[in-house]
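There's a structure below that I have some questions on.
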């Protein structure tokens, strides 16, 4: 059995580990346009901030491929997928047969149509190479001020890293708050204040119209007319599924590659997992791209097992994030800012220590939450979402500081904790 | 009494020997003397004695009461009692001879007697019970007097000295019995007391005993509830009464009585067949205080034979041998071989395993 | 595999398990020094209110979500021992594991620098310290179906 | 070679005569008509041989350390009490407490033995006491055993006679007992474990039995042609947990 | 309040160098003595509330706590001792009866400690109990004089007997006075060890029916939870006439301890006081006792031995003799040092007689009357160790009840505050958060350990006497000698003075 995996990040590694749970013999080939040993993408901001070494970036040990019997084509690129002949053509000219194919090509940063966006010192920030290039600029060049477009997870992690390196950062965000996808207004305010306290400046409800300068951008002009000096700029307004590779095949696409609960596409033998895929969202009850690391790994793992003949399902996916800036941690999941009827929102008062909690219920079940600062047992809520546990009896206690299994009846507790 | 009766319990180590002619043929006391004498080392000269069964054929229906008296006053008092309560056919001194090593004997007398009919009906007792109570009465209440034996057609000859000298003293070569038992004593109290020598008797039960019964205090107080008076402070007395209680009064079989005095361990009872187990459990439950605890080997003599037994974990020795007519038991094999150099069979019983020697034809009675 | 199971009907909420967990994971192994001189977050969590209390620690799940969520590979399940191991060197403190653990038994180490606090079953000992020292046998270390 | 007629001789005289002969360098003494004399051969250290016809009394060969004693008949109780060396060969059966606290030497018994045989037998340094018994044994066999070897063959038993009684190896904390036959769990002390023989055990056993069988004219192959079991202590410290401090 | 007595009885000393502020003491004290003071940033204690139960001392992981008696002294006075003064102060403040728990703490003579045991030397061997058999099995129940067979030679059945593997039983302590977990611990231990557990007068909780074969069900004056199923659930029935700690008076379980489970078990309404009358109102004389004994035998189809428990009082021997002839199979005698959950102090400390003397007198009397061999005798009232048991058996007892010792093995530290219901050891309490502190598995194991240790000791002592079965010790007073006893005491005990 020949397994081919396109992509060498969480989903790809999950798939390798999944295949090997079932099939110790089959040939596995991993192809990635990045030349690196598998590394952790979420760590690129830590790398930029010099908090982790290149060695520490490795997502699996140095002998991982050997141990798992994996052939690698790193730094090469698939240029064509022949779904009928089950053949891949690589940029290097090599052709590779497959019986089972996993598309785990991840996402591509979206670059809005801004004048001058192609200048040399304008970067996106999702790959190690991005981080390395920026790091080099900071190290070599005279980078004093940076403008970042987008106050999402990526933009702010880049901002945090750069501030730690002593750079002045201004973040421009079209929305009315930072981290609008994962925080509500109250929480966003706390986070923003915290970031501002560390020196990051924000321009909200605005966007960049133009990068000016010659080869390198030296200033940005905002839609509001405001001008900002910049020595380097980062565009972090979103990531889209990298479906390019299968665009010419019969693999069915929506925003991402559509997969069933076994992570298989409409074409038998071709699977997709990770940020490129569009699977079932437990919270929304419909298909969605869930571009987060744990989801990618789980999808990869399940896809791998199924490619090797197992029959595993995965429909527990939903968006959840654990992130922190300058020691202010937050964990959020699911639907944070519900729109429409049928939701019940519980939220705590903001406390002096910046602790904040919010839980969103739908039909007695948790569909989303925010834990800010006191995050230690947030996983309990994640679990309750996953278990689709009815919490209507204990909703008074959901926001309590010491919320835990104590709030459940003994019977439920024994079940949930398998005691 | 010659030597003093003990105030506290007497402990002793000993040698025992016994010979039964199963056909009831009688033989002289020489052999039993030779046998017990061989184990001289096991005694210390403070006690020796013999029980002989079948020695008084001419008076076999009468109770043969052997007595020790310290003085004539005691004799007079007891005889007054005996005369009132018994019809005495013969009253005579038991013949003895001068023996160097035997000194200071009491007045030794024997009576062949039957209970006084009138008294018997007055008390409403059977002969044996009447005699038994009389014996205990004398032993308890008459200072300077001691009943040595009180069975029919049997007698006990004992005293302070090595057993071979005691045998010589009593001229045992002149008696013929079908069952002889003998005892050489090693008491830890000195001086020995004539009444304290073995065998100890009641009616025709006689006990020779090697060892010490640690359960004495429990056995004694148990017996007292049945009217026995343990006045001798010896294990042997208590053992005799226990057998009297179980065999004569409660009519237990020899086997059952053994299950009381050398009770099978609970772990053994656990492995028994249900019926046997039930009986063994009942015996231990009812006769718990009859358990003889501590090291012992005993020979219980009676008119039909003997029961030899050692304690259930066999802390004292016992050897048995058989030839055509006789069964031998002794503390040491050499004591048997001394008088029967080539027995047909020699064996050592297990702890608590009774050896029962009976006259031919009497087996049924004891089953 | 052998796991620690709490029996809340006998948990006193005395928190001696925490005390001994800290001692067991201290450098000094001395109960007083461990608490007075070292800064250690206990790896066991007591939930306690009114008459109910019980202790929780890492369940060392078969399909441990934390290992799948970990962005650095710092948490991995040892296939042989079944123990979910944690490598503090690789951990960057992103707390994704905390998000993933539905038992809520991974905590930030309040003293350490960006590391988590999580039960390791006291692997070098015969039995976890919390179990050994529970005064009421409210914790059991055993194999269950 | 000297011959003594022991008929009716008191033990002290008999033993003095034996010791006198040995002191004069006598190497072999035959004792005829022995019956019941105690302490024969006690404390002998000479490399000499006593041949006894008859039934010697208790405590034969106590504290022995070198002599060879042959009994052409049965022995009584307490033979080889605290023996340190030498050899005792008994052509008949013996009584209780054979080889109490024996530390070295060998005892061969052709027939049966009584209670508490090999009690507190112990090995020390290169001394390994050995008792081999042709017949059966009573209760408390190897009680308190702390070392050495005992082999119980159970040959020529009477009808219904068990090969060994109860409480075998009670309190055993050293040494090995080999029994030619089966022992039930209830028969052994709680400190003892029963197993079958492995190759090494068999070799050891054959080594011991060769001489023995020759001595008594037993057929070695026949003796070996049976299932043996091996009894060993579970621990050298059976009562380690008995006490509360 | 002004004049009321409020000097702490105990002083708590905390070694701040060792205290790690773990607050275990705080979590464990039901009297709320310990607390963490946020301002002082350390643990502090309210000495006045401390009952010296040692829960905190025991659980403090760094041994940082010491509890001392308050060293404040009264002016020296052998007559008006501090204790006397404090009692008066308490009564002056309240007008109530002085109440206390557990057994008599006064310094009266303990006869066990004046009796010494024998051992074998030379003339007979001591027996090694570890390797040689050593039997403690005991049967309680009525025994016939002799074994009897019917005409077919079949053994006639004995009257019902309780079979004990060790001559120890757990004395009566009701569910209500002690917690369900304490009951479970004792019942399970009894079951595992082959002993007996006694329900006391609190009925039998449904969870304990499984131990019925190892249970003596008690019938007391309040008849709590007594019904046919209960009577037949146990292996024996005990009529409780009296209790050593409070002879002649009844009992009182306050309503706050009558929770749902106690209510169900005792079959009384939740929250109502459970009052036990001083006498049984169907026993005003000995023939009435016989009537009740046979009523119980009828109700249990003559399958269960019936025990009668009395307090050791002045004419105990005559009473016991009456009980034996009234048909009881077992007589239990509880001495004046016996424990209790609650008793008026004056009664506990001043009524009744020592069980040692009572036992000796009863055993003698029953023997004189030839009854001792038929009826079983159980004694209790502060059996503190295995030697006490050996002495009791040698004096004449068949078995003993232990209660305080069993509770101590469960954790009790004898603070004597059982009646407050705030037992920090989860024993004498019905508060769920305290009850759970006694894990019955742990409890049962601790009790089992105790009894196992004692049984080893009893065997060692027996072996030393050269005895390998307990029945050979029973009533064997030759194994006892007295020291520091008067001729009269020796006479009553039926033993000689040491040296004689």
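When the chains are written out, they are named A, B, C, D and E in that same order, and each has its own residue count from 1.
Here is the rule we go by: contacts are C-beta pairs under 8 Å (C-beta built on N, C-alpha and C of every residue); 3 or more make two chains touch, one makes a residue touch a chain.
Quick caveat: nothing in here was measured; it's all calculated off a predicted structure.
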> After subunit C is dropped from the contact network, which chains belong to the same connected group?
Replying inline: A | B, D, E
> Tell me, which chains sit next to both subunit D and subunit E?
Replying inline: B
> If you take the mean of the Cα atoms for each chain, which one ends up farthest from subunit E?
Replying inline: A
> Which chain wins if you rank chains by how close their C-alpha centre is to the centre of all protein C-alpha atoms?
Replying inline: E
>> Nearest whole angstrom, what separates the Cα centre of subunit B from the Cα centre of subunit C?
In response: 77
> Using mean CA coordinates as chain centres, what's the subunit A-subunit D distance in Å?
Replying inline: 84
>> Can you compute the centre-to-centre distance for subunit A and subunit B, using the mean CA position of each chain? Integer Å is fine.
In response: 104
>> Rounded to a whole Å, what is the gap between the Cα centroids of subunit B and subunit E?
In response: 47
> In subunit B, which residues are in touch with two or more of the other chains?
Replying inline: 267, 313
>> If a residue has to touch 2 or more other chains to count, which residues of subunit C qualify?
In response: 7
> Mind pulling the subunit E residues that touch 2 or more other chains?
Replying inline: 132-133
>> Can you give me every chain pair that touches, using the contact definition above?
In response: A-C, B-D, B-E, C-E, D-E
>> Under the definition above, what is the set of subunit C residues touching subunit A in their complex?
In response: 5-8, 45, 47-49, 52, 54, 56, 59, 65, 68-69, 71-73, 89-90, 92-104, 106-108
> Which subunit B residues qualify as touching subunit D in the complex?
Replying inline: 38-39, 41, 267-268, 271, 313-314, 317, 319, 332-335, 337-338, 346-348, 350-351
>> For the complex, give me every residue of subunit E touching subunit B.
In response: 120, 122-125, 127, 132-133, 135, 137, 139, 143-147, 155, 158, 161, 367, 370, 372-373, 394, 465-469, 471-479, 500
>> Under the stated contact criterion, what part of subunit D meets subunit E in this complex?
In response: 140, 143-144, 167, 170-171, 189, 238-239, 242, 244
>> Which residues of subunit D touch subunit B once you look at their complex with the stated criterion?
In response: 11, 35-36, 38, 54-58, 74, 76-77, 93, 95-96, 114-115, 138-140, 158, 165-166, 186
